[in-house]
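A short worksheet on the structure shown next.
For clarity, chains are labelled A, B, C, D, E and F in written order, and residue numbers in each chain start from 1.
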Amino acid sequence: MANQPPISALPIPEEGELDPELQKYFAICREKLGLVPNVLKAYSFRPERLRRFIDSYNEIMLSEGPLSKLEREMIAVVVSAYNRCTYCLVAHGQAVRRLSGDPILGEMLVMNYRMADLSARHRAMLDYAWTLTADPMALSEADRARLREAGFDDAALWDVAETASFFNYTNRMAHALEMQPNREYHAMDREPPDAD
Amino acid sequence: MANQPPISALPIPEEGELDPELQKYFAICREKLGLVPNVLKAYSFRPERLRRFIDSYNEIMLSEGPLSKLEREMIAVVVSAYNRCTYCLVAHGQAVRRLSGDPILGEMLVMNYRMADLSARHRAMLDYAWTLTADPMALSEADRARLREAGFDDAALWDVAETASFFNYTNRMAHALEMQPNREYHAMDREPPDAD
Amino acid sequence: MANQPPISALPIPEEGELDPELQKYFAICREKLGLVPNVLKAYSFRPERLRRFIDSYNEIMLSEGPLSKLEREMIAVVVSAYNRCTYCLVAHGQAVRRLSGDPILGEMLVMNYRMADLSARHRAMLDYAWTLTADPMALSEADRARLREAGFDDAALWDVAETASFFNYTNRMAHALEMQPNREYHAMDREPPDAD
Amino acid sequence: MANQPPISALPIPEEGELDPELQKYFAICREKLGLVPNVLKAYSFRPERLRRFIDSYNEIMLSEGPLSKLEREMIAVVVSAYNRCTYCLVAHGQAVRRLSGDPILGEMLVMNYRMADLSARHRAMLDYAWTLTADPMALSEADRARLREAGFDDAALWDVAETASFFNYTNRMAHALEMQPNREYHAMDREPPDAD
Amino acid sequence: MANQPPISALPIPEEGELDPELQKYFAICREKLGLVPNVLKAYSFRPERLRRFIDSYNEIMLSEGPLSKLEREMIAVVVSAYNRCTYCLVAHGQAVRRLSGDPILGEMLVMNYRMADLSARHRAMLDYAWTLTADPMALSEADRARLREAGFDDAALWDVAETASFFNYTNRMAHALEMQPNREYHAMDREPPDAD
Amino acid sequence: MANQPPISALPIPEEGELDPELQKYFAICREKLGLVPNVLKAYSFRPERLRRFIDSYNEIMLSEGPLSKLEREMIAVVVSAYNRCTYCLVAHGQAVRRLSGDPILGEMLVMNYRMADLSARHRAMLDYAWTLTADPMALSEADRARLREAGFDDAALWDVAETASFFNYTNRMAHALEMQPNREYHAMDREPPDAD
């Protein structure tokens, strides 16, 4: 595959040129994930921005909080589906497959979340994320009320909003850089669970 | 999976109630594809419409013609991506994976065809299919000229147009019936080719 | 009128070059309708596609079924109004004028069906056709329920959906080919009924 | 036709209650046009506004100027087609049929002006009117330059812009009042000219 | 500021070339407002149109009627915000600041009226003006009913509709002419009231 | 003004309950800016998120880099204008007024940046930010090339993209929380410079 498109439309430094802390972070990625996500390589063009991105990302997606990690990944995929952001759909679609153990759910959210077999809680959560992405000016207290009825408290409501908002940032960075996802994601976690 | 959503929002007759010719067609599907595509089951609510659908589908997608079968499936996926039609994205996404031997291509077309690594011919073909779907009134001789420059003759130009138009019909039927794709498609043809 | 635009952007064979069955079909059209609809001439560039088109068209628009022929023509016009498809607006606008005996109804549906003096049944039917055309992803059980309340059973609901979906196919073919309607349609059935 | 929808969603005074000048104006309309256009009746709810409307209308549509009366009516129809304004499409569609002697032109402009057989001058004029209606923020010097190349001088350019702008006012008034057109318009000027 | 963009994309005659009545009108503007609004200068390219514009404007914005002058200016700003019309936002934003004595209200309406602290009456009025601008075909009796519930009688409902419609005309004229607002408006009426 | 809408739709803790570092940060804001921006108060509901927001904000808006601080604020305003985000329009509109010394520029960018008197560099920068906000999928190498022609190198191109992307995040947070701007911003920096 000599002919693949580049990871980013802007230059990417050699990994050895990065400061030791980032080099170590990349090494940990390789160990834990089996790869360095291309978004990190693309951001390494601006190391200070990469550090901020890692911090924000880990806080929003991985810290303890009222949304499960799967729920955050579901929001990531649905926002990225609206924005048709290939990078995030590939990377977070894989995360939904892995965390849910349901490879079909991940694919359904990429295509049209309204056709997925969702709980009332998740349907409300994803409807909110979709509207916040597509028409943020349209949201009002009625939309927050619907989330509350579906069991989201104030902190959870914040996290739905911030996770969806964050991917409106990352999706645009990925579009601006024409960021290519790691090819390894595509084949991961496609096996349906045994009990299927 | 007792709890899956139904295949169609309208009733589906028992297969044994269908006329012998359709029963035979379903049997052939099982033999050749390993499944009866749910679209056929959904259409069996109206057997005469099912017969017409099969005829049109086979003519447009499978007959000899200036577009390869893969090219027709690529158009099917890109039109369905615009319309966010889960059924067609799942079924024809799988077909692109199978016919191209490139599982990543299928997924890319589902997400955003502009990020796929396409030949000039295929980019022109898919741009035309996208515009014909999104804003058909906008097309003019300039769009046909671009297809001709990319190597499409009159008959090929017809087929690009008719294939894209046809999926604007099927996508709407699938939305109207909330048609669920066969779950088997999701896992098929995910393996990258050896040479990758 | 030496200077009229061509019927289709793609070539049209001489009628005498068509196979005998299609020649006979054109002759019947001339006898019954007083003209060969230009859509048939445009499709004769690909005779096999023309045969499929005639079959599908006759099944959807003319077969026995739960929708009256006028209702199917009303759907055709409203879908074509959304898509601003001149060919179908001219040809099916004339059909609404003829079948309804109400030349104003035909013109109103071309312009904005919401201003026409419609029964609750027809308003529900045309609202569904409009949404299925404009935003198919937005439809849900609530939209089907509204049709059921307006008296549509499962088979009728299918026909509303399939008729509207079919014209999303034909409208796009007409746009792709820049298909010109027969000029004769314009003057037909303009007379208001005597009782007006 | 006891059951027709009302001319306006707001009240309309008896003609005899209007001041003598307006009564005289209505009488002249009946004599010259064979009818009092419903827009005048609808506006008679607010006689002072009616007077201003008549003044503006006559100045923009009927005064001497660089655009022919037919050209102004063509702009009226195309703006009203974008806004799907039934009242103006019926009334000004009839005017295009009458002034052009070409009943097909009127109908084509109602449906999709891009399919009409237009001179370069008229295509440029209607493209400008369409964009000024659909996306006024998008216009720039390049759009004015295209009009100039098509033969429009400064005064003509003004009139294209003001005529299109004016119908963005009247279309909205007609929508707000759900204004019904006089039924007589529909049948008028449908005959193709002898030389056709 | 030698380098400012011109007031209008079309020529503007010397004020001394205008007829005496218009010269007098401009002099009154200077006396009362401290400036001649650029819209009047731009319109002076076509003096007859300027006279009609002044008449219509004064009738709609300044005559006695069921809407306060502030309410009419609020509608002007919200319609102009939808259309992103710089001229009208500057001139009528200043008018809202002046008439309301609330400089923040004027700015809020320019930005997003839904975030302003509005009475139920004003929220209903501005929602109607926004929809009549953005999607006039969508309005129906339900929208008029909502205005009536908020206290608008038939005459007031007319004025909401006509004021909003009128600015859909003026906004387009301003876009077509790339009309620049007088620079003096920007600094006027920015002081919050003492009691703030 | 007892009756103002709350700063945020979600709760805000007493400042004294925040950890000492954040209390100190708020004190510095008061000293330097004369106020604590409401966005910081709204975020203090989730102190860890507030810390990340401050870090990202300061890096993107205030660090040394290829874009001037004014240019970053211009991007912030134009993105917020597309999204109709009141909070960011008020706060960053003031920043543009202050940094440019041109109160009219700030207001023009809020209303419609295409009407502002911009250098070719700034027009290209703001066109890119607008498209990345409105239709990120549409961007391609041609858009980056236009920025390069306008003098932006790779690092500057990154910053245009990241600044615009970041405000697509903050705008959505502000909409989700219905965040109210500090009232003090409105009157600040309205004075035109002496040399005007």
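FYI, a contact is a pair of C-beta atoms (placed from the backbone, for glycine too) under 8 Å apart; a residue touches a chain by one contact, two chains touch by 3 or more.
Remember, it's a predicted structure, so these values are computed and weren't measured experimentally.
A repeat of the B-C interface exists among D-E, E-F or C-D. It is D-E, with more than half of its contact pairs matching by residue number. Across the two candidate interfaces, D-E and A-B, the one carrying more C-beta contacts is D-E.
Between the CA-based centres of chain A and chain B the separation comes to 28 Å, rounded to the whole angstrom. As a whole-number value, the distance joining the C-alpha centres of chain A and chain F reads 24 Å.
For the pair chain B and chain E, the distance between mean C-alpha positions equals 52 Å. Rounded to a whole number, the gap between the C-alpha centres of chain A and chain E is 45 angstrom.
Each of the following residues of chain E touches two or more other chains: 84-85, 112, 137, 140, 178. Within the complex formed with chain E, the residues of chain D that make contact are 9-11, 45-46, 48-49, 52, 55-56, 59, 63, 83-85, 132-133, 136-137, 139-141, 144, 154-155, 157-158, 161-162, 164-166, 168-173, 175-178.
Of all the residues in chain D, the ones that touch chain C in their complex are 1, 3-5, 81, 84-86, 89-90, 103-104, 107-108, 110-112, 115, 117, 178, 180, 183, 186-187, 190-192, 196.
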